[in-house]
Every structure is written in C-alpha cells, then in structure tokens.
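Structures incoming, each one as structure tokens.
Common to both upcoming complexes is chain A, partnered first by chain B, then by chain C.
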Partner chain A sequence: MTEITTLLQIFIWGLTAGCIYVLMAVGLNMIFGVMKVVNFAHGEIMMLGAFASFGLYYYTGLNPYFLMLFSMVIIGVFGVMIERFGFRKVLGTGKLNEIFLSLGLIYILQNAAVKLWTDDIKKINSPYSSMTLDLGVLNITYDRIIAIAFTALILICLYLFLIRTDVGRALRATSQNHEAAMLMGVNVNHMYMLSFGIGAALAASAGTVHAILSPFNPYMGTIPGIMAFTVIIIGGLGSIPGAIIAGLMLGLVQNFTIFYFGGAWKEAVAFVLLIIVLVIRPTGIFGEEH
Partner chain B sequence: MKIINAKLSIIALILLVLITAGCTDTSEEGTPEYINIGLVAPLSGGASDIGNDMKQAAVLAVEEINADGGVYVEEYGVKIPLKLVEGDTQTSPTEGVTAVERLITSENVVVLVGGFSSGVTLANQVPAAGKVPYIITGASSSQVTRRTEIDTSYFFHYCSTTDDYSQPILQFFVDELKPMVAAERDLKLALIYRDDAYGKGVIESSVAYIEDNSMPIELVAKEKYPTDETDFHTYLTKIAEAKPDAVYTVGFVKDTSSVYIQGQRDVGLDTLYMAVECNEDPAFYELLGEWGDGQLLESKFAPYAAEYTELMGPYKEAYLAKWDEMPGMMGADTYDGIYLAASAIERAGSLDRTQVRDAIKQTNEQEMLILLEGGNITFDEYNEISPIIFIEQMFWDEETEELKPVIVLPDSMKEQDFVLPDNYEIGG
Partner chain C sequence: MTVRELVGKYAVSSYSAYLLLVMIGLALPLVITDDFYNRIIILTFFYIMFSTSWNLLAYSGQASLGHAAFLGIGGFASTILIINGVTPVLGVFSGALAASLVGLFLGIICVRLKEWFLGLVTFGFAIIMAAVVNELSVFIEAINGILSAVGLSGNMDPHMLGGSLGIYSPDIVSRAQYYYLFFFAMVGTILASHLVIRSKIGFAFAAIRENQAEAGMMGVDITRYKLIAFMISTFMAGFAGALFAPYNYFINPEIFSIHNSFMPIIMTISGGIGTIGGPIIGALVINILWEQMGLWGMSIDRQLILGVILVLEILFLPKGLMPLIKKITDKVAGTTSRDMPL
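Up next is the complex of A and B:
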C-alpha cells in the first residue's frame, strides 16, 4: 500500500511538470488563437529562452529567476522578429508553407544554438537549490514552489492583460474574428506580432524553469514542444483555460503513470489521453466547434 | 552544331571532374596522399558532448602520428600521413548508418574508429560488415562483436562490454558496502537505467551475474526511463519507497547526474549512488558539483585521479594544451583506437582492408591509456579486449569548490579506502 506522503510527492512532481507544459501550451495557443498558425518550432524557442537565461546568468551571476524576466523580453522580441520576417511573409499562402517554415526553424534554431553555445550540457545554479520547505508530511524544494507560483503569477497577469486592457481586448477580438477586428480599427498585424511575442516570452519562461530544474542542451525543446501540441489539442485549439487544465492534467497523469506502470508508458500515456479526449469530445476539452 | 559540341565538351569536362574527384588523395606515383581514417561519433544530438571528446582525442592522436611523418606503409615504401574523416551519427541509428556508408563509399576510409552508444553502433556497423575494419571504442553491448546475423570478423571491441561492467560493481557492493550496512541480511539494491540497448544490456548482465553467482543482493526496484528523460523525481520516489541500500544508475552524463542530484536534493533519497563508466567525463563532475560528494563512479580512465600509467600525464597535458579542457574516458578509448589503427596499417604494410583487419586481430602491443589485463593489447576469440575497471569515490573540495575522485578499488590501484557518504542512510 502506497503511503499518502508518496502520493502527495508524486502530485507535486506532476504539478511542476504540468507547469512547464502549461507555460508552453498557453504560448502556443496564444499564437494559434490569434494568427491561426501552428508553430512547430515552439520547443526551440523554449530552448532559446533557457540559453538566454543561461547567458545572462553566466555573465552577471545574478539570481536566475530575476534574469528570467530579461530573457522573456529578449525572446519575446525575437518572437516578434520571427513573426514579422518569417510567418507574416507566408501567412495566407497555404498551411503547407507555414508548416515548412516552422519545421525549418527547428533546425535553424538548434544549429544556431550549437554554434553559439556548443552542444555541451549546461546548467543554471539556483541559489535556492539546497533549500526545502518542510510541510510535515513532505518536503518541497523552493525551486518547485517558485516554479508553481511563477506559473500562477504569469497566468494571472496574462488574464488581467487580456481582460482589463484595451490591447488585450483587441487581441481577443482578433482571435475571434480578424475582419471584424479590422473594421473596428484594430491593427491586426500588430496583434499578430504581439501574440507571437507573448507566446515566445512564455516559452522562454518555460525554458528557464526547465533549465533551473534540470541540465539542458540545444536539443532540450523537442519533447516539451511535442507535448505542448498534445496539450493544446487535448485542451482545445485556441483555448487558454483548456491549455492550463490539459497541461496540469498531462503532468499529473504522466507522473502517476510512471509510478504505477513504469517510465516506458510516460510518453504513450499522453497520446492515450489525447485519443480518449478526442473520442469523447473531438474539439478538445474547451474547444469550440466552428 | 557548335552549340551541341560546346555542350558535349562541358558535359565531358564535368564527367572528367566527377570521375577524378575520388582520386584527389593519390599522387602521380600512385602513393596515396593521405590514409583516410573514419571517426564514427555523435558530433551532434543528445550525446554530442561525448562525441566531441572522441573527436578531440582522435584529432590529437592523428596530429601526433603525423608529426612523425605519418604511418609507414611497406607497399609504397614511404610514410603516409593520416587524415581523420568525421562521420557524425547525430546520436541516431539511421543517421549513423548514413554517416558510415559515406565514410566507406565516398571517403574510402581504411579503418573506422569510434562508435558511441550500443543502439546507434549496432545499426551503423551493418554497412561496414565484412568490408571495413571497425575499432569500436564507445559501444558497450557485447552484441557488437557477437551478433550472428552479420559478418563481425572486421569488428574489434576496444572498450568494456556490458558483461565487464557488472562484475566489479556488484563485487564492490558485496565486498565493501554490504559489511558496512547490511552484514546480517542481503544488500538491497535498486536499478535505474536507460530504456535502450545499452541500459538493458548492462542490467540484464548484472541480473544474470547476481543469479549465476548467488550473490547476497536483493533487487528491490528496477526502473527504466526513456532516453530523453530529464525529470527523474517520480522514478526516484518509487525507488525511495523500496528503501534500497544503494542505487545503481545506468545512463549517460546528463541523466545520471540528474538522478544523483534529484535523488538527494529533491526526493531525500540519501543513499549511495553508483554510475557506469561512460560518465567519466569532465561534464559529469561539473554538473554534479557538491551533490557528488561521497558518491561512486565506475571507470577505466581516470584523469582526475592518480596518474597510474606513464602515458596519462603527457596525454592530459597535450589534451589540455590543445583543447583547454580535461579529457574524458570515451576520448581515451578513441585515442588508443587511432594509434591501434595506425599500428595495424604499419604492420599490415598495406592499405588493403582485409590485411589491416588481420593485423588488428594479431595485435600484441603495450597497453596505452586504457589499462588491460596482462598489460598488452590483445583481442580474444570475440575480438574483445580485457580492460581493468576500477571504482572511484568522489569528494567535494570546499577550498577549490571542485569534485575530485579517488580510486577505491581494485586494491592494486587503491588511493584510499571507501567510506560511506556523510548523508548516507541505511535502507531496508
């Protein structure tokens, strides 16, 4: 009989893994929701975020959680550039062009990262790596608490931005109907850039959290990138609440699966979950039929 | 008509260039300008850090050999310099096959050296089967020279096999650890390993060794993880529930260091961790930092520990001078492999691949960086060597803020006795 402490611990591991999925998937969904573009290179943008934080950390030695804010800005601007000089050029010319552009970006970004930072394994040392919070029944490291709290904070900020600000409302309007938004005076091209920038910044935060918790190299983004796609399909394409629920659910399901059935099932269970959700609700949990 | 003639001339010229392109390494007298040696290594992809070490060591060996004029080949009566041609497996079985095919067909290599990761090497050795001598320096599955569905007579296993791994580690647990922590009962051992040919090979031979020798070891957990795994918390939580006396980790640098750190720091599994020899790499010490204090590593090349062979000092110095970093173990195997290839070519007196293969088989030379039973490089009936494997214990130096190893086994090389880590908690 498994002790409740052990199950609670698995819950925490699952929740942290889920937070990384959430940050990735929410960003991906922002881009898809507004631009209707599928960016397969989202995992590589996450990787760039990790390296941006690593670079800042290496040269300044400052707290990596503080530096994460700068890397989010840097990668956010980089995302805007990708949209402006990449996706904008092929937007509306056919889905195949968008897909191949993003597939090409995977190789370009990976190779660029290898050239810049080599493919040696890197790590970011957290100042809290040895500190744990004793909750009586279990101990949680500060890094995990920060990862969970940071994800929650980002999601609250994003929610407030989308609901309370004019720009946020314009973004939502663009995601609902481009033409109507344009007729209402919204600069749709600016909204495209903004959504890509926010998506990239969220991926950068996911990359930094991942890099603080585990060693990494330029190939770190591949699996989280694939999982982020699984999450947005489970949650419903374009739905941010769907991405949050599905991301956390996937993290928890994967970790409990490892515990009860072994690691061989970790990736398979993501797709089992995907199939189950699609059979019951083909649009995903929060997806809408068009 | 003139246009057609001009077009035909251009086509003829292009054909001539293409036909002669493969002959650029041969001088007018028929003596090759270079002897092409193929390096098969993961220069990109997940294991590129190890591939880079292999490449740097190979470059060093080739430069040293060429500094002396190259390799004397009797057939041509002159010394011919070596040329290292890289074949990047990209840490992928399919890309590895493409790389080896290119080395054999386009680059016309005389010998292949390298091959890291059993899963990748078992695939990329297929195009070389029965054609090109392949000195395998980084794939541990004994299948690379024992498989029967292809001709393995050209393959030489110049590294430890998965069978070699088990014996010293398990013997260490029984002889050294058990009396300290489980004198009155079986030692409780947990296994955590990569879900690939390498991980499974080591674990299968370990389990077989325990059973065949009726060792007083109880396997309390056996967890395998996907090769791209970075989050080991749940695996380690499950292992912690089984209360082991030690954890035997079969993985590469990134995963093994994560197991050590996440196990102690996050899960509270304060036990003794043992890593397999492919982690003998500067990156492993750097990633572990203070979390490696008191923990164990199996090895057959220890540049951080004692200088137990004459070649160790000069090699370490030359490597540091050229690459500004410490050498790793896979590089040491590859360095020896390049010298072995050069020596075999010289002894064969020819660049004929079959004659070179025969010369490798008949090798009986002084050991180099890798210590061998009997002190000489020789290949047995399975084309395998018999390396001496030792166990290192790592200690965190507060002053230098570095993790450094000392050899604790075998007795002939021991620098100090094994001691339990400060944070160690007995299992059971």
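Up next is the complex of A and C:
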C-alpha cells in the first residue's frame, strides 16, 4: 500500500513540476510560432516574475495567488519592451544575432537581479502552505492543487483567446504565414509584441508558482529555462499541444528518476530524452517539417 | 616584378604583422617579470585559444552556446589522467581527444539541426554537464586534493590573482615555462585554425554557412564537414581546458558555467566573427577589460557590463572591431582591403 502511496505522491510532484515547464514552454512556443525567435532568456524572465510577485507580496502582504496576476501584467509589459527595443532591432539580420542578443539578456537580467536583490535565498509564503487535502491514501498540499488547477485554467483561457477572438485569430494567422497575414491587414509588429508579452506573462506565472513551492534566488531560472527548451524540442517547436504533453511528461520522468536513481540524474535524464527524440524524430513529437 | 607584388600586398602586410606579434610574444617574459601580469597574459592566451576554437565552429555556421562543456571535459579528463600518473603531454592531448569525441557525439545529434536547435542543445548540454558534475562533488574534492598535492612544490601562493577567479597559482619557478607553454599552444591553435580556414575544408565550412542547400547541391558532403568542424573545434577547446586545469592545480564544476560558454562568444563578436584576427583582438580587449574591472572591485557589475556590451555590439557593431583595425593597418601598410579573413 505504501508503495502505491509513494508512487502517487511522486506522480503529483511530477505533475506540478510539469505544470511549471508547461507554462514556460507554451510561452516560448507562442513566441517562436509568431516571431520565429527562441528567447534564451526565458528562464530569466521567469525569475523576474518570481521577484515581481515577491516584491508585491513583501510590500502588500496580500495573497500571492492574487498578486501573481499583477506580476503577470508587469512582466508582460516588460516582455513587450524587450521585443520592441531588443529583438525588433535585430529581426531579419541573421538568426545568430537573435541568439546572441538573448544570451546578452541572460547576463543582464541575472546580474541586475543579483545587484538589486542579492543572491540570498527567498521564499514566498503561501497562506495555504500548511493545509493539505487528505485523500486517505495520500496528502496533497493545497499549493500543488492550485498550481495544477491554475495551469489548466490558463491553458483553457489561452485556447479560447486563440480560437474565439479576432486578435487570437490574427496571432495564429501571423504564426502560419507572415506575408499573407500582413496582406489581410494584420499589424504583424503588434502581433510580435503581443506574443512576447503573453510569453513573458506565462513565464511570470511559472516563476511565481515555482517561488511559492520552493525557495529561489536570481539563478533560479536557468535550469527551468533549459528544461522548457528541452520540452519544446521534444514536443515539437511551435506546437502548443506538444509543449503541454512533453512538459507534463518531462516533469513526471524527472521526478520518478529522482526517486529511483537519485537527484544527480534529474537534468541528465531530460537530456537523454531529448537525444532519443532528436534521433528518432528530429521535428519532435508534434512538430512539422520546417 | 617585385616579391611584394608576387606574394600580394595583402599577404605581406598581414603576415609581417603576425610575425611582429610573435616576436613581441616571444620577448614579453623578458620585459614582464611580475607574476600578476604574467598570469593575466597567460589567461589572455587561454581565452584566445578558446575563442579561436569557438570561432572555427561558428565559421561552419554552427554557433555553440555551450562551448564550456568541451573546455570542462578536456580539463577533467586531462586532470584525471595526469594525477593517475600519465605523462602531462599525453594527458593533455588525451583530454583534448576526449573533448573531441564528445564533440563528435554531440555533432552527430546536432547535424540535422540549425541555428536555434543547435543553440538549445549545446546550451543545455553544458548546463546539464555542470549539474551532473556538481552532484559528484565528492569526486571533485578528491581530484583537487590530489591535484594540489601533485602540484605542491613548496612555494604555492594561493592569493596571487585574488579570490575572484578562485584559482591557485603554480609555483613561481615555472612562470616563464608556463608562459611559453601557453604561448606556443596559442600560436599552434591559431595556425591550425588559419590552415583549416584556408584549406578545402574551410571553403566547405563557408559554403555550408552561407547556404547549406546550395552547398549540398554543389557536392559538399554537409554531414561530413559539419562533423569535422565539430571535432576540430572541440579538440581545440578541450586542449585549452586540458592545459588550464593542471596550470591552476584546481578544477571545479564552475568550468561548465554559462560564463565560460559566454566568454568566447562575446570575445569573438567583439573582435569580429568569422575572422582569424577577431578572436585574438576580442579576447585581448575583453579579458583586459574584465581583469581591470576586477581590480576595481567589481564582481556582479562586470558581468552586467559584459552583457550590456554584447547587446550593444549586436545592435550597433555586429562586425566587431576587425573592420576598424583592418582599415588602420591598410592605411599604415598602404594596401587595400581584400574581402578575406585576416
């Protein structure tokens, strides 16, 4: 019985870890789909999201889940600025320049954060941190349930936005064909800014969830950033369903690996998974030929 | 017809400039006897080797964002071999070979990937190496224990370059020896890079970089040349790392850090990507700037400044300092620029 309980517990941990990856990877994929840019500094934007929530929480003391919405708006606007004054300038001057720009951003954001907030470890205390849902065989903390439910909610909202609204339709059109979208009267530059903003806001929510579940410092974003890249390659670059499935899968695989083989292999297993997918199916599980 | 015309104005000015630099390099230890500056020069030579290695891979159109991985593999492999009694020369070359084999493995995975994908995989690879090695810290402590014991010859001064680098100096007696070791290693690396770029292989690299599909149609074996680029470049990076770790009597997982992956990129871009001279100039300028900022007591600030420099260069100076320097040397030597890597 305890066997099953432990396995279920790990399953829940894996699912919450996967939710963070999903939020990151869906944002990255939106940006890639629309702009054909992979933002290497996405992990650092996530870290800024965690700090924005932390700052709001520190000064107001309100419920962090409520403050997360404000943090998402702040970081979303910040993402729009990065697109407007950074990536927009080098768009079309060669893929390498875009890559190097996002590398520069990693350095700037990470070190600016250390400069502003030091690299001491911080934590956002959730009002539900001591509450658990007792299911008889296992206990799940409310924070993990909220993380999973919140991710599901965000994904549903995003889906409805993309499918039902005109702006969402314009975003999808830009992602499918720039020129055609432009000819149909879509302001492609606005779509770039919007996709970057949504991506950054999703990263901010991932950062906040991460900051509530575990302690953090300005270097927190690097590993989740890498994992999100792994997720989008496994799932297929540009594919949102692929990102969701691959994100949850990676979270589960990692947590079971920790249980069976130890923490050292947590990152390595992601890489092994990545290599297997790249060898068998280079476009990812749901990817299309580019 | 004079010899000058025969060889070509470009070649004369460029080769004589390099010859002059080599002469200066050979004579430098006679002038600079200070251990601190000696160390910084050796560090610059190391970064020139590392940047040259990165530049060669970028020359074939493959920009690695995790070159620190190969540096670290070379460093760890050579260290383990040397402390187990392998002769240093064999140990260093085996370390480089180990990095090259891992490079080949990663190259095979990446061969079908372009730009972003390649960046993602190499970037992730270095960070995952760091994370895995971090978990094996007991093993690293053991290495450092043996390494400092092996290197201890009575007068080790652990405070020479300050704690910012976290590294220990070798014994004072061998200062000039280490200088010449790194100097010749650097000259060898640059020469090798020059020969590769000027050879048929180099033309294939450039063709693949400019237009892979067309290069393939012209009969360039893309897979083969991409893997060759990976193997040569990672061998050079591993070689640099394999020399560096025993020189420091110290190695830790920090060698895989983003910072180390990032340095050759900013150095090469500062100098001029895709040129022989670019990594040299860039490594010189950035490393001196970096050390000077360290002397001013900056730690986080200098990393921040480096990031700002990179972003500004991408936006306003994407070709680096090389075109500027070329203009000056052309003026001095009275030659005209030719569209070739200096």
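For this structure, a couple of remarks:
We adopt the following convention: the second predicted complex is superposed on the first by the 288 of 290 C-alpha atoms of A that agree within 3 Å, B and C clash if a C-alpha of one lies under 4 Å from a C-alpha of the other, contacts with A are read in each partner's own complex, and residues count from 1 in each chain.
Everything that follows uses one rule, which is that contacts are C-beta pairs under 8 Å (C-beta built on N, C-alpha and C of every residue); 3 or more make two chains touch, one makes a residue touch a chain.
As the structure is a computational prediction, the values presented were derived from the model and not from experiment.
When the shared chain is aligned, chain B comes close enough to touch A:S214, but chain C does not. In the superposition on chain A, A:I233 contacts chain C only, with no contact to chain B. Contacts of A:P282 after superposition: chain C is touched, whereas chain B is not reached. In the superposed model, A:T222 makes contact with both chain B and chain C. Shared contact residues on chain A (touching chain B in one structure, chain C in the other): 114, 222-223, 262-264, 266-267.
Of all the residues in chain C, the ones that touch chain A in their complex are 58, 63, 65, 109, 112-117, 119-121, 123-125, 127-128, 131-132, 135-136, 258, 262, 265, 269, 273, 300-301, 303-304, 306-308, 310-311, 314-315, 318.
Against chain B, the residues of chain A that register as touching in their complex are 2-3, 6, 9-10, 13-14, 17, 114, 118-121, 123, 125, 129-130, 139, 141, 144, 210, 213-217, 219-220, 222-223, 255-256, 258-259, 262-264, 266-267.
In the complex of the two chains, the chain A residues touching chain C come out as 32, 38, 40, 86, 89-90, 93, 95-97, 99-101, 103-108, 110-112, 114-115, 222-223, 226, 229-230, 233, 237, 262-268, 270-271, 274-275, 278-279, 282. The touching residues of chain B, counted against chain A in their complex, run 44-46, 48-49, 52, 195, 223-226, 228-231, 233-235, 237-238, 240-241, 253-254, 257-258, 265-268, 283, 287, 289.
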